[in-house]
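Structures follow.
Two complexes come next, and they have one chain in common, chain A, joined by chain B in the first and chain C in the second.
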Partner chain A sequence: MELSRRSFLKLSGAGIGVAALAQLGFTTPAYAADVELRIREAKESTTVCPYCSMGCSAIVSVQDGKIVGLEGLPDSPINRASLCSKGQSIIQVANNERRLKKVLYRAPGATDWEEKTWEEAIPAIARLIKDTRDATFVETEEITTKDATGNDVKTEVTANRCEGIAQLGGAALDNEECYLASKFARALGLVYIEHQARI
Partner chain B sequence: MAIGDFDLKQRRINKSLVARRAREYVEKNPKLRGVANLYREIFSVQRRISQRIPDRLPHIEGALISSRLQEGQILLRPEEMEIDISVFMDVIREIGEVLAKRSESDPFGLQEFLQDELDEDLAKELVESYLTGDEDRFGSLMEGKSVSPELLLLLLHVSLAPFYWKAAGSLARQADLGQVPKGTCPVCGDLPIMGFIRAEDGLRVLECSRCGTRWGFPRMMCPFCLTTDQKSLSYIFSEEDPGHRVYLCEKCRKYIKVTQSYTGKDEELVLPLEDLATAHLDLAAEKKGYQRGCRTVFS
Partner chain C sequence: MTNHWVDLKNADVFMICGANPSENHPCSWKWLEKAREERGAKIIVVDPRFTRSAARADLFSFLRPGTDIAFFNALIKYAIDNNYINWEYVQNYTNAPILVNPDFKGPWELDGYFSGYDKEKKKYDTKTWNYQTDPATGEPIRVQLIPIAEDPTFHGRGVPIGPKDANGNYIPVEWDLIKAGRYDEMQPTVFAKLAKHVSRYTYDGPDSVVAKVCGMDPEKFKEIAETYVGITHKREKTGNLMYAMGLTQSTYGTEKIRAFAILQALLGNTGLPGGGINALRGESNVQGSTDFGLLSHILPGYISVPNTTDHPTLDKYLEKSTPKAGIWTWLPRFFKSYLMAYYGPYAKKNGLDKAYDLHPKVKKGKNYTHIALFEDMYAGIIKGLIAWGQNPVVGGACSNLEAAAMDKLDWFVAADLWETESMNFWRRPGVEPKDIKTEVWVLPAASSVEKSGAVTNSGRLAQYRWKAVEPPGEAKSDAWIMHQLMKALKDLYEAEGGKNKEAITELFWAYEEDEHGDPNLDQVQLEMSGFTWPEGDFSWEAAFKKPVFGFANLKDDGSTVSGTWIYCGQWASDADIESAAKILKIDGQLPKGDDGKVKIPRDKQVTEWNGIPFNKAQWHFQKTNVYWLGSDGQTIYTENPPPDAKLIDLGISPNWAWAWPVNRRIIYNRNSVDWSGKPFAPDKALFTFKDDETLGMKIDVPDFYTQPSSDPAFPEELRGKATMRTRSGATSFFMNREPGALVARLFSNSMVDGPFPEHYEPRESPVKNMLSSVQNNPAAVLEWPSAKNEPEKWGFAEVGDKRFPYVCTTYRVTEHWQAGQMTRNNSWLGEAMPENFVEISKELADELGIKNGDLVEVESLRGKVQGVAVVTVRLKPLEIGDNGTARKIHIVGLTWHYGYIGLFTGGPERNGMSKKNYAANQLTPHVGDANTTIPESKAFLVNLRKVK
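Moving on to the complex of A and B:
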């Protein structure tokens, strides 16, 4: 790299050392090991442990679309790189011969599971939610209060409550997902809304 | 380990350790002999001369250190550096001789520069303009000089390093450098040489090319453009050398090499030699179209 004297401070970043060494006869190829390199590429992504309510972060290493490594994330102020024994095992959530990769359905009264597609499963789940909600929805209810003389007074009030479905959030959900999930549940009228982080 | 406390140990290397490590690297790759010896010889001069530099803290301490760190300012400002110019003259001449030994005919203009052109006044001005980044002044000083800009920069970088070691050593002991999201040295502001991933907790530690300070740097961040976009970050490694990674940034197209799975004491990991010994990974990254984002120990 040829540099003018007036501009070289501007360029005094990363390349200068390599250029100076080259002037002394040490070009990078001159001292690089003569090895046939099989270069592999990998990506690291962060994730949140799905088990307990702590919300520890981990780094997942992926090569060729397959998870090959998992370690605690040092950048996380929650766990500062450490993972408990259960957290260290979350790689098995993905790499596990027993992992379910297709929807399995067991009909009422049946003993065997049958494979279904998501195209079949999602409308069926929606149907069940709707039917259960409609069957267990409480539009109004009677409450009892006291009048000025102390006698019981029964009043019909609006409830709009679904008592047949409960929702449980998990630690793998982030803030925004929890917001959407709870919004959806409240829109259905659910009142049994819980999250693992409260346990 | 308390939350937020990474208990980061600074490097602890000496002449015999560097010599031993250099031999080990050369045994694995004989092509390294020349450049490893060059580093070893320069380090030897730096180390010896550094003993003549008083081990005292620059003018800042305590709360000022913390507030500068929090505000993202460097701890050691150029104007706070105390350079004894007579000691500097000794170190630059000795290192100049080490470099000049590379050739008998002085093709780099080094001999001429050191013998005929460099005096204390020029040295003082060069140091001041270099430290403060005063390009115009530096450019004027360089006019008509025999030595190439690259080599003069190398000389200044390695000759000032012992002064930085002393000042930075005191500061680094007082500062919490466990997790600093800066790609340049939080103490002196220079670029790193490379990094390593601590085996005990996966902390990525970078080492300054000038003052040797180590600092913890977020794993999921590019040291050069500071992006945290995980889609832009990846790394490559060689199947033959799984102990090293090259982190790539798609956004700024720069890379940094990192040692991992080091089994010895972290304090004794000689990263300048690691950097030289992993030159094959520089070539691999450059072949993929990425630029080196780090300096070398030589400048």
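Moving on to the complex of A and C:
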């Protein structure tokens, strides 16, 4: 008997969903009784919706490197296959002509963008960060504390903070990226570190 | 959220205030409906607008924007007046029975202020906001609010023994005084002070506070109070507060949440399934980004940032920041493991003290939050800005000011999926690009389906998502961009030196790269979670062999690493992997050691074995912990239930993804059982006690001390006096920090603006404060430099300002998301909600001669925005009090998603730039909450006129 994905589903009961099977290495296309599935050639993976904070899961179907289908994941205990209007339109985030595809640069006073490469952007931005950081860095500062007799004592202590650069954002990033963004900013000595949670 | 999304199905009554889940968290609504179907749950919505959630509610009331504290305090008063209180919970698990410092004075005595206010500094000295302590033990003095069989060790705790009233509630010892309103004659407990405080928040008749301040119908108030308070104070019933930015975007937002937290404690609703305080967070990973410390006042894991005055050295930091009680006594473990994650190899050579020196320290008392950040940018202090997917020109308060602040930047780097208003700030409507000298770099970023990684939802659940396709064009993940930038910076500082150079050159950033230059995110995740630092030279291979499972195993000697202690243990344990493999029926293939036991090597190959990375614990199968309840409604069966027993599934799926901390789904869950160890609600039981030293059933991960008194970790001083049950009960909120008071705090000294919530008016209000002569929150910064220096541009309307007669509030719609870039570039959603609109009541439309569909302009002192008029019954004028007379107040509402660039900008233009800016935040004031500085975007004053 050919173990198609469909019969495997029957054998294993409702316990395991299609997405898991894709990850288990079952690449055999699925066959319905007499209707060919629209996504028969597609490879599936799961995703979590990028919009609100419910964390609804969806199955993403990919064919030839392009997303061809997206539907709610029945396995998710949170959304149990349902998706709202935004969740259903995640496909339009990926397949969208308006997406930025190139690095863009606007020179001081310029009226439009110029296209640039990553090879130009990374060193140029690192230079901007370093120059501004070094120029606005507070290495030490004087603090006032009280001694045992209640008199003011002034001491010079390390501050090691950069007051000239601010960082915003993070609520749209993945956890690993948030962690790195935090580490990145604090290594630079940034103290103006804020994101959408504050507004 | 203290609870989680699926848990909504366990609630008996919902109170939705300042949120609109049916609109903004649409998939959540099925769980409210499930509660309604299966438990007969009631849904209450209180809001300035009749929202989509209100349309599905059992009870709805209008409320004037910004008057939530008056409403909540009136609910507290209603609970006290009617003895609708879960006394067993209050006596044992809150600070209500603790005696208050006699020097403490409240707004009822000081005309709107609490004791300790310094009118010059505009700040409180909080030293009187504390307890009376027992000189012998140094611990707060607890008394009996109800008669109890007192525990000899934990005074003021025990099983109630007193009589009950007709409703089945215990009668408090001082009921006669409470009933007569003679609170001053009571013992000076937190409860007595609270009762006195809320006694001013009246709800009876047209002259009551709820009528005159909130604009509510007092009869409707009573119906709501009887439903929420009257039902959920019962020990077996739970009430659920759902809130969002409608409460928090206020100059006293934190106190609004506190008011409700106090009510939840009095009703015994927190820590139980279906209960709690549930913040409906707006963005897919705003929980994660907060957890990982992307805020100016916290490091990853909510560790407070060090400042130069108090924390010049590591020793000083730990000495000043580590409390004497509660979970934060482990701060040295958490903080040193964090420092090791940043500077491990450097610390191994030079010590953790030196690593601490490299870390930035803020200036004590200086505000670095969003509003302050843009004020300082406007003042020219900030020269460079990096934004990862944030669009402040639409999302920031007083957005014209924030855009003008960006004009002063030397450079701006923005990573995003789309062109945003913010990256085009130099050509926004009304400015000349050539005048703006800012250099701008735009970096194309990958979307959520174009990279792999985890996101943490509002229920603290970290779920993994998989890369499905490559990003378009040259777009890269944000992780790639950060990684490449950090490498370039390390090279620059190595080559040229620079300020505090070692902070960068010695930063532990050793992630391996794949062929595209992407950092290995499994290594990042292991570092976030935790491992024991390997002997000898560092290698990832060695690190993966020693993950730390849970923050209790972190060490304070620099031998462990954990970038974010609350995520410690996220990297799945061997037991997790084995149990998942069993359920997936693939356990036969797990490698075995010589002893025949399963050995789970931690190298990359095996963690990705068979296509399932074990660390990404999202095991696509359903398994939830269940039990059975006998037909007597009391007996709990975990196996072999009799045929008439009912299956109870509380929707806790411990094997679906992983929740911080330690995969616990409902926090403060010791409070779901009473002092004697019995579940408050047998049909919502999370635990049972087999005996005083052992748990029986466990549906969730315990949020309390579970060591029996024979355990070596059990405190020496309690040995022979306490048991696991009594010790865990006496410290049921062990995230708090005060010795002898690890309980829910109805009275708190950790707020800057008062130990109890007090009503003040929004910064811009049509009326004077009717509760005291203090108009605004006296501890909030009411005038930032922009408003002080240029009041005509960025200032505020006066109280009852004739130029700006209407109260305005902002909100969201289901078709759009936040600052709009993720939905306004999408044709399906854009077409569904194409343009900015302004909701006004029929009454106001009649007064101004405006018809549905007319173009109108809304104007505040700070900006103007146009939109299509929607004349609706969803808003109505509210009758409120003003200097002893009744006055009609009109409310205007508009969405804040729109701007001036995108496929849909908010105006009639498509696919490009608009000549007008449709961002509603042009109207909002640059002023924020006293504790958090979250901007006051939900209540401000405007005028409105017809354009055509």
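In this section, the second predicted complex is superposed on the first by the 113 of 199 C-alpha atoms of A that agree within 3 Å, B and C clash if a C-alpha of one lies under 4 Å from a C-alpha of the other, contacts with A are read in each partner's own complex, and residues count from 1 in each chain.
Going forward, contacts are C-beta pairs under 8 Å (C-beta built on N, C-alpha and C of every residue); 3 or more make two chains touch, one makes a residue touch a chain.
Quick caveat: nothing in here was measured; it's all calculated off a predicted structure.
*Asks:* For A:Glu194 in the superposed arrangement: first (chain B), second (chain C), both or neither?
*Replies:* So A:Glu194 only meets chain C here.
*Asks:* Quick one: classify A:Asp75 as touching chain B (first), chain C (second), both or neither.
*Replies:* In the superposition, A:Asp75 contacts both chain B and chain C.
*Asks:* Which chain, chain B or chain C, is in touch with more residues of chain A?
*Replies:* Here the partner covering more residues of chain A is C.
*Asks:* Have a look at where A:Glu114 lands relative to chain B and chain C in the superposition and call it first, second, both or neither.
*Replies:* A:Glu114: touches no partner chain.
*Asks:* Please indicate which partner A:Thr46 is in contact with in the superposed arrangement: first for chain B, second for chain C, both, or neither.
*Replies:* Touch partners of A:Thr46: chain B and chain C.
*Asks:* Which residues of chain A are in contact with chain B in one complex and with chain C in the other?
*Replies:* Touching chain B in the first complex and chain C in the second, residues 14-17, 19-20, 23-25, 45-46, 75, 77, 80, 82 of chain A appear in both lists.
*Asks:* Under the stated contact criterion, what part of chain B meets chain A in this complex?
*Replies:* 1, 3-4, 6, 28-29, 31-32, 34-35, 38, 99, 102, 108, 130, 133, 135-136, 138-139, 142-143, 145, 148-151, 153-154, 157, 179, 191, 201-204, 209, 216, 218-221, 230, 233-241, 254, 276-277, 279-280, 282-284, 291-299
*Asks:* Give the list of chain A residues in touch with chain C in this complex.
*Replies:* My answer: residues 14-17, 19-20, 23-25, 45-57, 60, 62, 65-67, 75-80, 82-90, 92-94, 96, 98-111, 113, 116-118, 121-130, 132-137, 139, 141, 143-145, 155, 157-199.
*Asks:* Going by the contact rule at the top, pick out the chain A residues touching chain B in the complex.
*Replies:* 1, 3-10, 12-21, 23-26, 28-46, 59, 71-75, 77, 80-82
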